[in-house]
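Two complexes follow with subunit A in common, the first pairing it with subunit B and the second with subunit C.
Our next item is the complex of A and B:
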């Protein structure tokens, strides 16, 4: 409350400056010309998602006179630009963040803000989301959006082939059987699409579902984990589907993305987060969603992709930055962001998202996403991942998963000494 | 004698005013080039030396900087399979690119050297790709190479050949890179063209009088006469081959399966993806050493095969006589 009232005071002072233009005595310590404070907000989003974020920034400016939110869209160059900003001690005030192990030293711990500010209503968040923004005991990011991964299917293709829509509780055996029946090389139609360049992060759900993992739970060992039989089996399955022609490689250089092929009705099933849902509907695809299949006799596990908001340690407007974050995760702003799943249970209940059959699988998968992803377990994970990514890619191009993963483990050992 | 005057115009005339000139006139030229000198020192030499310094540090952008001595260099050689892999790929690329680049550029220059109608148009057309930025070129090539919709495979299909998926096939990706790289040879072609234009016509005339055919003329007149140009182009080609990055980055991203993962890209990723500035600087300095060595070797060998007309000075009178003889013949 204290912060809020201070903010209100500052805001009115700023407004006074702007109106009178003579307020020399009340010059705010952080203000720039004409008494307008510029808050820099860095995002990796582009296109529609960026548009929404700019709208949110405008809304924030309306309720905070004298503030200008400068939305900086770094897109693909996010890491480079952010690192350069930190390196030059000139980072954006607020930024999207997911790679906390890499950046936490440059971020402001938010525990104090979060616990003192009742307006945040922290209990309303899905609590599991906070684990991703913690390093040690400190919280560095407030969850802003998340998604789990589900299987999308094209109902029309299922209807034409007379195949029943898949249901929660289905297995990879069912999945492969359906993929086979929906493959028709003469029409260049395939049951499933596999990415040429997988993000190993996304594959973790698949690997965990088969009882494997990339790294031991204490984060020290990869031998016997990254190259375990279970891990190799899970990755090999994708390679095998490409080999037997029931899946098509998507998103390689100069190739169509899996989303585009799905929209063209040439693949029956596609696996992804919530991002493409809206565009599938816009493309007129009668799309269904279902939770990820299980390996027979094993529980399904999911992986959570979360984006959080953080404040730079070097920021000169930390209180204002906090206000912005708070607004960004308010009911109002959350409802504006349709490409993310709401982080607040109250919004989900209000919109009845978890009742909607199209959205329900994401929440089913959320309950299954309690494993810790590898990058949070070892600070050198980025290096190890370089080898792992190469191995996974080679499996998609026909190599044997077990051999490729053995090699990746061998090449990675030097980072874990 | 005239030559001495050209080189030292003030030698005789300026002697009496030497003192004044030395104080102010001596500085004037440097003042004029000061903007360039400043830029060179601050933006070229400075960062260059700085990169040498940081190659002895563990230098992340975010976090602690620590001195590590030669560790970066040691790690590179003993502990990093990607280093060797990317180096081999670059060598392979250079082995394909350098000779082809020279042959194509020389071939085009020879074509343009013909006295035919429209040679000015072709000169512009062949040079045009060099004016286009590398990024735009990469975009165009990514369409050309597209497996399903690319114009190259369409062209091949007209002849009944089923083209590969160029950029997603490990066997063809490096070849695709070489072909796309050859597109930028416009400036080399121009340098060759200038070299060709500089060959006196009478050499060909006397050669043909001596009964040499076109092919003999090419190997015994053209090639020796343009060896200085060849030397220059050879060295710049080698350097270009080692520095190839734009196309790899945009066309293939180093893939598939790291088949086009050039050394420059390895360096780039270390610096701007993994933020290991010190390690990447060490990579860069090693590349500098390789290029330096290769350039040195080429220069050394050039004594054996490069022919400078200036070395023929002693024979000049003979040359003049022959020229006169040629005139009489007409």
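Our next item is the complex of A and C:
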């Protein structure tokens, strides 16, 4: 009721203001009218990242007269709104996408566009990125941005404690040792911060580094994988650090987020993707980055978080949508997007990002990110993940990892049959 | 002092109003203009004010109803959300939702399920859905800081034991872990305590918050549109929302009131009577302004018109005044051909007439004076004349000159008549006798060569005739018409209605046309005395009886002259008669 009345009001206001004009008032339902084509672009970003995306949209409008890009910021409600849009056959034309197993049936396959269009220069992309946008043999998303996960550390706290900055090739033993030395309960200062509610996706790098995984490589089995000794060990390690007080829970009920605590200088090390880097620097933290620690004798593995751009199957302006995607991953647009890591090797080389010590670890971790995440291996992964998440969370609150994972596997088996 | 003066001025004006035709005209004009103007103005004011007031009343009522509906829909949505959560919690299988932080796999699974339910209940307007347990642990988004809930005014003051729903009213959402940078948004809150003695969540509170900006915006819009004071109060008298706390309600306020069915909140909009009737006040002010302007306009036009009108009357009046002061050459200018113009014209004609008449009177007076002067001159020494004549007569008798003596006798008689100027009008009898004496003189002089015949009824003899009018005519006959006194004279006097007509005819020389014409013209200088008698006689008649009377002369050269005199019958009055002894004989 409210929305309808507001819309009616807006429409009447537009009619009132635009009287005598060329009549270019748009209806969100119908993209093209009177020579102006409206392209809807959905994003989950907010704040600065959203601002950048709006600027790119404006640039695109400038180079494509008669086009209006309507940036729709769904933020937290991204999944809900996107699902609603697909359900109503009224999705945005272009959207940010990562969960291809869930949505690929509503998306336009992009292989033809990508192979026919020489301008895209597909070879310039980090090739590993394409794995995330593929379901079966079909490509549903063009990589737009990505991040790997690294360890941030507060140089000031390290200096105060007289501890040398960590280097690539360090181990979880080194990590725990440093964390212990940087913990000072009297100052409410801790060596490390652990999320109360982890996204199990992010934990895959840790699990893989210990030789474990959540699901078999063929995607059929979790028994013996999700509750394997290696998997349990890796997760138990976080629980243990919380128990022995060298780490503090962050982002739970009544708790500040890890980023805020890090910015406040109350945790020395924090594990995350590239997203908070800019805000750490803005907060005046002398921050350093280092690749993830290794389990002794085992190779470090990374997990890649990728955002791609997809075109809705129901889009009425697919060619224009493709043009927009192409512009979005062009050198020009990539350079504008400082909150993401560039997806093109040429841009990375040009900007010498891989030489910058602050950025180098992300690329090192990219090289180590060759495992396939669980959600790409099994379409029912979301159901399984419910149990896995609860199990991981219970470990953070003191449960035994092995027991919790065993229960989770037991509860999840029925989804895989 | 000043009051008295104004009273005096007003009195003068009032008195003046009765005196001046202009003021009267002005007031009538104004009355004629103002009565329809004011009645029309008053009518239109009352009608439009009534319509506007009733429309504004309806508008306000509708607006309040709309506010009620919007608020109601928000409140019922919140209540419904709370009820959904409540009923979920009542499900006996949800054992995991305790009052402590969940730590086991099972509890966390339950918590996650519960929180995904809470998430699914969220709408665009939802600001927060939390279940705060007695331990301080809560379900819902992780951003809540339970310790800061006391910042909600009504949360702080909520009674220890309460059942059912507890509405927290409007407040800024300021209970997050991380203080919001971009200002705290306004929300409306609902707290529902859980009563479930058998379960651990007993005593927990469901807190539902919805963004209230839209509602508050509506309130503000309403306040702005209607200038009303909006107040929402709960049944126990707590003020939930108020436009301005300093507002003091009055009995005269126009109020619209609604009660929300959801929670019995009372929505009351008050408009001070003054503000409510402001629109009609504006209409009244406009009507008044227009009326006053029209008034001034009417006054101005009336003033101009009446000044044009009355200035003409005044000019006429001034002219009359001048005439009354004797300035007879005054003429009033004639403006236009209307009634006033013809009045002007008549006035001018009248003054011209008066001027002519007065000129006439003046001239006749002068003539009279001259005649009197002349007579006086003749009278200088009549005694000497008569004594001398008597002496001559006596001498003539002694000498035996009977002729001379007779002549002298008759001359004396003629002169006596001539010189007696005590009366201007004399009887016909006397005038005729004098003519006979005159004729005797002529007879003695010329001998019996002429014949005189008189035809006059005796009854006519007492009537009056101007003195010395006939004798000059006879003199003319002897001096101009007859040669050596030879000829015939016929005179007849008869009555013609109220007039007397005297006809004197001779058979003498007669006159030519131009001579005849010259007879009555005063301008022409005459040689000798000839003809003077005719004009004088005519003037005398006219002087005494008016211009309608007088002499007419008919003459043919060589055939004689006929003079006709017409004058009104007039008998001498008593006092005149007493002085004329001979007249008394006639009676």
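In this section, the second predicted complex is superposed on the first by the 386 of 417 C-alpha atoms of A that agree within 3 Å, B and C clash if a C-alpha of one lies under 4 Å from a C-alpha of the other, contacts with A are read in each partner's own complex, and residues count from 1 in each chain.
Please note the rule applied: a contact is a pair of C-beta atoms (placed from the backbone, for glycine too) under 8 Å apart; a residue touches a chain by one contact, two chains touch by 3 or more.
All of these numbers come straight from a predicted model, not from anything done at the bench.
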Side-by-side fit of subunit B and subunit C on subunit A, or clash: clash
Touched partner set for A:164, first subunit B, second subunit C, both or neither: neither
Touching partner for A:391 - first (subunit B), second (subunit C), both, neither: second
Subunit B versus subunit C as contact partner of A:260, first or second or both or neither: second
Partner chain(s) touched by A:86 [first = subunit B, second = subunit C, both, neither]: first
First (subunit B), second (subunit C), both or neither touched by A:251: second
Which of subunit B and subunit C A:408 touches, first, second, both or neither: second
Touching partner for A:382 - first (subunit B), second (subunit C), both, neither: first
Of the stretches 4-12, 40-48, 112-120 or 292-300 belonging to subunit C, the one that collides with subunit B: 112-120
Where subunit A meets both subunit C and subunit B, residue numbers: 196-197, 252-255, 386, 390, 393-394, 397, 411
Interface residues, subunit B side, partner subunit A - complex: 61-63, 79, 81-82, 142-143, 145-148, 150, 165-168, 170, 251-253, 255-258, 272-275
Footprint of subunit A on subunit C - complex, ascending: 70, 73, 101-109, 111-112, 125, 136-138, 142, 144-146, 177-178, 214
Partner subunit C, residues of subunit A touching it in the complex: 1-2, 196-197, 251-257, 260, 386-387, 389-391, 393-394, 397-399, 403-404, 407-408, 411
Touching residues on subunit A, where the partner in the complex is subunit B: 79-80, 83-84, 86-87, 102-103, 105-106, 196-197, 249, 252-255, 382-383, 386, 390, 393-394, 397, 411, 414
